[in-house]
Amino acid sequence: MSARYGMVIDLDRCIGCGSCMVACAAENNVPALQQATVRTGLTPIVVRTVSNGQEGAARRETFIPIMCMHCEHDTPCVKVCPQQAVEVDRATGIVMQMPQRCLGCRYCMTACPYHARYFNWWDPAWPAGMEKSLNPGIAVRMRGVVEKCNLCHARLHTAKEKAAAAAKREIDPTDYVPACVEACPTSAIHFGNLADANDPVAKESRSPEAFRLLARLGTEPKVYYKSKEAWVRDLAETNSAPRPEVKHG
Amino acid sequence: MSRNTLVFAFGVSFALCVGWIVFPRALYVQKRQPLTFLHKTHAEKSGIADCGECHTLRADGSFAGLPAMEKCTGCHSEKIGDSQAEATLVNNYIKPGTETPWLVYSRQPANVWFSHAIHVKLAGLACSECHSTYGESDQVRTYELNRISGYSRDIWGHSMSRLRRAPHEGMKMSDCESCHQRHQVEVGCLGCHE
Amino acid sequence: MFPGIDGFHWTFGHILFLLLFFAVALTIVAIVASAAWRTAQDFRNHHAIDLCWHTEFAQLPDSARRCRHELAGRVISRTCDNAFDCRHCSKYLQFAVLPPAGHLHLSGLDYPDDRYYHRGHTWVKPVEDGNVTVGLDELARHLVGTPDFCNLPKVGEELELNQTAWRMKKNGNEILVRTPIEGTVVAVGGPERDWYLKICPRFDLSEPVTLRHLLRGPEVSGWTNRELERLQEQLEAAHTPPALADGGVLLPDLMNVIPDADWESVLADTFLQL
Amino acid sequence: MKVTRRDLLVWSAGAAAGLVVTPVPWKILDDVSIWSQNWPWIPQPAKGPVEVKQSACTLCPNGCGLRVRMAGGCPVGLSGVNTNPVSRGALCPLGFGAHQLNWHPRRLRNVKHRGNISSWSEASAAFAKAAREGPIVIVDGHPGRSASSVLENFAEKWGGGYRVAMGPETRSLAPYELWSGVPATSLGYDLENTQTIVSFGAPLLDGWGIPGRFPRLWAERAASMNDPQLRIVQADPSLSRTAARAWQWLQVREGSESALAAGLVRALLEQNLVPAHGAIPLATISEAANETGLSADRIRELARTIVAKPPVLAVSPDFNPAVAALNVVLGAVGARGGIVRSSDRTKKYSSVAGAISNVRAVVIDSSVPWDFAAKSDAEVFRFAAWDGGSSKGDWLLPAPGFLEESTDISTPPAYPVETYAVAANLAKPTFEVQTAARFLANLDASAGTPETILHSRCEQLFRSRSGTLYGQTITPMTEIASTQELEKHLWDGAVWVGERCSAKLACELKEWPSASPSSRAGNWTQPWLAPVLPPLASKLYIESNLRGTPGRTV
Amino acid sequence: MASRVLTDSRWIARGESRTSFSRFLLWLAPWTALLLVGIYAAFLCLYHGLNQTNMDNRFAFGLWIFLDLGIIALGAGAFFTGFLVYILKRVELKPILNTAVVVGFICYSGAVAILMIDVGQPLRAWFTFWHPNTHSMLTEVTFCISCYLLVLCLEYIPILLRNPQLRRLPSFLVFDHQLHRLIPVLAAVGAMLSFFHQGSLGGLYGVLRGRPFAFRSGILIWPSTFFLFILSAIASGPSFLMLVTAAVEKITGRKLVANEIFRRLALISGVLLGIYVAAKSIDTLIWLNITSPSEGFAPWQFYIHKPFGTPILFAEIVLFGLLPAFLLTFRATASRRGWLLCAAAMACAGVLLNRFVLTVQTLALPTLPFDDFLQYTPSWQEVASFAGVIAYGVIVYSLSYRYLPMFGSSKGEHADVSGN
């Protein structure tokens, strides 16, 4: 059962509601910390707003969810981790981050071109009692380690165990859907097995409207984006016009 | 020179004594189980032969672990024998309706995801392959808690050097790995970690 | 790190990397172990003291390392390169045979010719029972006078050449006296007697080589003159009253006479300490 | 034997050398690392069986279907219910983190009176006194529930008023209530059957209505289509989320929505795109153009565009008679794909917008949105699960938190058909809470209890035999054998959806409506200090740039 | 007779004149205070976690990594001098060998200390040894730096044991002697380790395919930065030694090292710097014209963000590269102390700038087309803990200078005892 789980995100469908971010944080026991900021927060999936750079009526905006791209080739973070806390799982193609192995050197974060890796700057904390609402399938990460999207591996565990209970080796694909995919109100995020040529997601990934961010780096990300609009597809390439400096709050 | 050698040797042997005799005792807290539960007696008297009868798998494949109090209540709602342990069970736990605070020898930490369903149903492992013959024992072992890591001593194994271990001794990650290697089952990190 | 530990891969790169690492680590450990083992070996072979002496000798000032043949005037200038170990000096025989000895009397100091002199201002005097007595020479006695405290080795203790034979204290200054000849202590004297130690030498005294490293005859006068000059210089540098009484006679008990001199340096230079 | 310093050194060296070949350094190294992987101050999730239950979200009147994962007796994960025809498997970003709300630091845990901790008995006594003195006003945020009936009954019996704090969707339907006599709560937008929507700044894709309704509809019928089956023309001053995704975005000036509607009506009539109509706006197209910043031609073209693909529907974000009048002119009222009647109930609710002066006490139910606060001389009894920081000098009464009460859920605002669902309580409050209905029932049991009313409603529903039940399967009501069976389905998360209402809806618009005052005027303008958000939703604001910050709230 | 007031004269080699003990303590006092502040800042970072710093998810590396790279490059003088003396037999450099070893020891131990604060989970840092990913440059760095720190300790021990008090213990003296006989092997091992980890530190950034500003093509598994880092480190190491020596001479008011040695170091530094500048220029051209465009980045993109414009490239290559290379190489300038030190300082600044550009600028520049250019200011904890390391360095060096033979000029080196 060698799968290559991947995603196709239809940017024309994304309405930037942020449901995926909240669902992801709830699924993965990510704390909401008072001290965190845009630059220090922990958002395994984050929806960013991108414009075509114009002002007034010609302005167009799109929302682009950024998460771990699960790069397949020369995976930047896997290659640099000094103690094998990151690996590309052979059975699923998921780039797995092991917080218990991580020493928090953050080299992988500098290696990731997508800024999809986050450091636990603080001890995870919840208001008193709220720890009862934590998802039982996910161990809370301690401070000082790097984490990122693991494609909701707790759901994969549950699916595997369910299959095993029925003495089956293969999981039922409907049992394994990441939280962001499930949460999307417009079904903009499509999840599937890219290794299976008949999988709708695999087909979609080959569509001419599909593109990957920074594809020219050659890391073969498994998260594809899709848009009908040319200016959005241009995001695949960085070699576009210089952009004005953006001030951060 | 000979005095130096002697003093040096004394230092070495002191360290060896401390390291191999004092340290293991100091590192682990000895704890007693709340009840003297005897697997052997239960197997004989109730005719339960299969571990799975009490240590069940739920419908979704998750492992229920130690049976809940209702399983005990099935027989012990009132005292049926004359052992002191049973009296404790009935008076301290069944009547007030509280769960027995068992100390689980093989409890893995929260970051470990171990599926009994996969290992038992798919791989066909016998319980004794990891849990030895504890299911047939007629005495209650002392639970030893590591003061630093908070793990049960069964995780490391009784042998401090881990060199001369019994076949089922030790439940560290390396023990899982070596079994997986023997059976050529490759699993990624998050295959077994949460 | 090792086969069987998570993360070990049987790939060429991995093995090569680890082999290199282990080679480096082993080299470092081997170096330390080897140094430690050799140190222990040196102690066992009685080389240690010799080694210490050699190391310290190399760091003595040039003026303290003059060859005995220069002192005797047989050669114009020569620095000893063998830590005063004339017994093993390949050059020793190149120079003339020793001239006859004579009783010396320099600046009021007595240097009898019945004994042999060590550069650490001790002498060795063979006595009738085949043993030798060891004592401080006149210059040293004039400097120190009566020590406040004297810590002599016990009878039966083995002494190595140039090892510290005994310790003395005077006015708070510690004085370490080097052993002029290796052997076993058979009797202990002290400042109140003629000699400090009676030693049963390790080597046969009848062999001339046994005492070859010690100074005799014109070497003694040359050496003592230089030592007196040095002393004079050092004491004058300290703006002290003349050390030598009129007529060039050294005052006795100098340390009490001239308490303000830089005695630390004087004593170190006198007793060949660093 | 004398122990020298040298001996100590040698001994230490020996001990150090010996220690290396004992477990001490290595085991400590290992155990300390393990300790760092399981730091005791880091909370660990509960272990135990995970059950999946169904309920409905009660954060707002939409009542989205909830699939709740429960462990250790607590909800540990929420997701939508795909079989729910109303919410269609979606939740809003707030909903996904709602299971953490009950432990919000601003959870109201004690009865508070004028900022001081008080008790339920004192509150009851104070309210009994106030009720006897009268008159009282009871404000409900979510009419149509069983609990609402209790509130209404009580208000009726005790000679007070029952007012409803309408949401903006319902408020946008209020003009039709004025013109047709059908209550706004019985009206809905038939979005599912429309083909062109002209939105006057309504955040259709950004929190308008049911989270799963319009976004899903848009995703199916409009998103990433060159010629969408559902055309959205969004008039918005800035590129809002909806504007960014709309088929066309009209950049209009702030506050010029009514003028645009008037201009469109003029353009429609001028170009004979709609049948002639009596009520003609005073403003001309060029005046509308001036006000909106669009060109007159653009408005004319827009008129042609919107009628090109009927049915067409105009939507305003809030009460806006001009937009409603445009719908009347477009013939969208009472038509398929327009404004339709969701029920034949004719009961009108008084809005809180009306004056509440000369009142002895006001009871505000916990369903009233957090940003409603009474600016009144009356004694205010505010039920809330979370302390929004308002109502100083009044009573703050802890209400059940998220999933802590069982309640029924009636038709969501502006939904075109009647629905009925039950939100089962899955969490237990750890301190004493009371709903407003229970509090009032304690004083006067004759107002009924929510449980009995719920039961009787089910009976009524069963007897009506109309509609369909959407549970694990889709079951027509005719196949339901008993009230008990119906109730069981409802408690298991099924939704009853009624049939389309056949009652007529006709609007008569005699003259063009004048500019309307804000519906929030009057005594209801003092907002709460800051909204109480699920902590994870506040992550959206704090840890990403996706949305503007509403203040650092956790 | 010496007065019995507080004195440490017994610990000072006889014949070496040092300032009075009280003045020495006075000199140490501010540095000790700074060290204590640094220790407190480090404690905060360890106890509360790295939220005490101003680093963030984009600026995952900050001041610490930049300065770590910097001081490790400047500490390269230690291994390179050892390499020159023991392997290439340039015995004329022997007088500065000890000071080179101590400077190296300070730089490396300081860098390792900072790294231990910089990682989020120092308690698990040993996992790198236990589960090494041998493809990671950081693994190579970790292994080499820890081994080399060990080597430096071993090289430092003989110097330490030459203290007049310690040497009175015969076992120390003999051990020192025996260890010293094996030092050439250590120097060789150290040189190998250093070449590797200086290179790997460069490789650390050069392999970052995801950071086109840093990514370089190279030879086999090593990107060009691997070799450039070695070159720049060995070029700046001698310059830094000159600066340290000159500073010590200035502070103590003594002539410690012959001008000849300065000139020799300057020549080495200058020539190597010249080679480095040439290699760096070629590398920059290849990167601008081939590597970066092939990844979809036009070279000008890297230089549109202020303050990281092209002037910084000019400064790195010409102002702090080519210019000091000339100044150090030519006799006319190299023989004047002022010019020489100025050039050495420029060479050191050049290597620091290079490390800064590769760490900070790399992280500041956007990679995604919709990324922003970010800036970061270190927190006081970051600055203080690094200042603590500098204080630590000054203290260790001061103690070493006072009590140990740092400049092997007046007193002879170890005797060559061939008999053993």
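Which chain is which? They are A, B, C, D and E, in the order written, and residues in each are numbered from 1.
Definition applied: contacts are C-beta pairs under 8 Å (C-beta built on N, C-alpha and C of every residue); 3 or more make two chains touch, one makes a residue touch a chain.
What you are looking at is a predicted structure, and each value in this text was computed from that prediction instead of being measured.
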Touching both subunit A and subunit C (chains): B, E
Closest chain to the centre of mass proxy, which here is the mean CA position: A
Chain whose average C-alpha position is farthest from subunit D's own: C
Of A-B and A-E, pair with higher C-beta contact tally: A-E
Most remote chain, CA-based centroid, reference being subunit A: C
Where subunit A and subunit B are represented by their mean Cα positions, the distance between them in whole Å: 38
Centre-to-centre distance between subunit D and subunit A (centres being mean Cα positions), rounded to whole Å: 29
Whole-Å gap between the CA centroids of subunit D and subunit E: 62
Approximate Å spacing (C-alpha centroids) for the pair subunit B, subunit D: 50
Of all residues in subunit B, the ones touching two or more other chains: 58, 60, 62, 109-111
Touching two or more other chains - residues of subunit E: 121, 124, 127, 130-133, 135, 139
Subunit C: positions in contact with at least two other chains: 5-7, 43
Residue numbers on subunit D that touch subunit A, as the complex places them: 36-37, 39, 41-48, 50, 69, 71-72, 74-80, 90-94, 96-97, 99-100, 102-105, 205-207, 211-212, 215-216, 218-219, 223-224, 226, 239, 241-242, 244-245, 249, 251, 430, 534-540, 542-547, 552, 554
Subunit D partner contacts - residues on subunit E that touch it in the complex: 121, 123-124, 126-127
Interfacial residue positions of subunit B with respect to subunit A in the complex: 57-62, 109-111, 113, 115, 117-118, 121-122, 186-191, 193-194
Complex contact set, residues of subunit C against subunit B: 4-6, 43-44
Touch list for subunit A against partner subunit D, complex: 10, 12-13, 15-19, 21-23, 25-27, 29-32, 34, 36-38, 40-43, 46-49, 56-57, 59-63, 100, 123-140, 142, 158, 179, 182-183, 185-188, 226-228, 249
